[in-house]
Amino acid sequence: MDFVALQYLLGMAGTVAFAATGVAAVAPKRVDLFGAVVLGIITAIGGGTIRDLILDVPVFWAVDLNYLWVALGASMLAFLAHKSMTRGQIYRSMLYLDGFGAAMFAIQAARKVMDLDFGLPLAPILLGVTTAIGGGLIRDVLAGNTTLLMRRDIYAVPITLGCVVYAALMPLFPGNAGTVGVVSVALIFGIRSAAIRWDLKFPDWLATRPDNNGL
Amino acid sequence: MDFVALQYLLGMAGTVAFAATGVAAVAPKRVDLFGAVVLGIITAIGGGTIRDLILDVPVFWAVDLNYLWVALGASMLAFLAHKSMTRGQIYRSMLYLDGFGAAMFAIQAARKVMDLDFGLPLAPILLGVTTAIGGGLIRDVLAGNTTLLMRRDIYAVPITLGCVVYAALMPLFPGNAGTVGVVSVALIFGIRSAAIRWDLKFPDWLATRPDNNGL
Amino acid sequence: MDFVALQYLLGMAGTVAFAATGVAAVAPKRVDLFGAVVLGIITAIGGGTIRDLILDVPVFWAVDLNYLWVALGASMLAFLAHKSMTRGQIYRSMLYLDGFGAAMFAIQAARKVMDLDFGLPLAPILLGVTTAIGGGLIRDVLAGNTTLLMRRDIYAVPITLGCVVYAALMPLFPGNAGTVGVVSVALIFGIRSAAIRWDLKFPDWLATRPDNNGL
């Protein structure tokens, strides 16, 4: 199997992970089959859709419907299996798979933005992060959950870091896109895995200190 | 009156219904005139705007400003009349009108997507549903209401079903777009009307069963 | 310094104000550095991004990355300084600066829409308001705050009024774009300043009267 096919398969695996964790994230709120499936699909394709709208290119899931079929199927399966999915070991594996999907999506998006020479050097980072977390943000907003941005998880920071590294290394090693991509994905996934494994959170000194008389 | 003119008038009637129910949905929260009108307009044009952005075609309300004028006028009237609108019989009639508007919007959107040969066969269904419920979702998020996706109403499922039927029948009866459209709208409106009439909800077995140790 | 350069500088000042008030608006909720910076950037560029997507023109911050750099820098500074920023006099100055930024953004957007002959005469008003308040709305939704639309602040109404005045005067004085723009910005900023100074809110009779049996 060549590198392109591998990348494609990994993209589909990321789609499955996003859809399934999307359903798992809303399942505790007693959501019906329709809501669960829609929120699963939105988690999987929402971020990339915003990216493509901003890039003004055809949305990826209309170009290749497989993303939509896979998101639909994975969301339905996740609905059926939600009871077992939210249980300890399985949910934890899903978190790792989701972290890997986020890393893949971010770096693939950064690459797409750089290939289009769009708003270098900031846009690849901004849209890489948007692609990775945008779908989850929309899901949380629609489901009435606290969004990632207010949860102090170590999730988006490694993604940002990976996109920065990718955007910095690519102009230096233009012939080694594959290697730079793998390094960047590994960096994101490594930090995210450590955060899952040891339940790391943003430290207090890197968060605002509300003084209770607020605004 | 020919079929096209009738369709146009029904589209305007749907716009009125969406704007008015949009205002009615936020009125219990003590919203001011400006907020009510903006949320009414968003309810009426939000879904179609997302659809047109994804299709990368000019947004419908910029092509034909009547949609915007009608949404503006209907929202203002609904603000003035909100006290009476939220009362029993009138509100119930609004629900039926809203259900009819949703059916119209969904099938018109599915048709628009199919005419553009965009992401067949899934995109007409996805964007039909998006057009019908997108505006209401944005309204609920901005107003701090629980969104449709978490309410277990029988609202989006008949819409999805109608879009599936439309997308399935159109390739079989390409010369009968009108009839297929009417059948699909009738199917959606029929099921939705039954759900309003007998206050039907998604049954428990089609919803997730949170086990209280959540995520 | 010529008028164009002055406008550009004022646009950047508006960006700083939006990013900083964006961070200040979420700081009372104990947000981490990453979340604060992302929400500050979204506040600054969110509204203009929606406008450009609807206009189907390249998003402004990809055309001129300075907007993104300035929003990034201002958000970081605001995070560092959030403790002092939320205190009385400084926060109040920020409110005025934010009001000025909103006025600038709205009229610049109205002008951009009119220059494109897009959906006249309604779209310049709708997209002027969207540009001025869109970023703040997305921020509030992502942060779980009550949005502007439900707060009865005198914020969006002067913006709407200013855009209406601008859209009405421009066809009458096509050679005096600068003057009409200054008058419109002054009108918005004047009313908004009065609202900040005397803490004006929408009066009860211009808000819905929930009767507690709601919907």
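Here are some notes:
By written order: A, B and C. Residues from 1 in each chain.
Keep in mind that, in the parts below, a contact is a pair of C-beta atoms (placed from the backbone, for glycine too) under 8 Å apart; a residue touches a chain by one contact, two chains touch by 3 or more.
Everything quoted here is computed from the prediction, not taken from an experiment.
Upon removal of subunit A from consideration, the remaining chains are still joined by touching into a single piece.
Where subunit B touches subunit C, the two copies mostly use different residue numbers: shared numbers make up under half of all numbers in play. One simple way to say how far apart two chains are is to compare their mean CA positions; for subunit B and subunit C this gives 29 Å.
Each of the following residues of subunit B touches two or more other chains: 53, 56, 141.
The residues of subunit B lying in touch with subunit A in their complex are 53-54, 56, 118-119, 122-123, 126, 129, 137, 141, 146-150, 152, 156-157, 160, 202, 206-211, 213-215.
Remark: subunit A residues 24-36, 38-39, 41, 49, 53, 56, 58-59, 61-62, 65, 68-69, 72, 79, 82-83, 86, 91, 141-144 touch subunit B in the complex.
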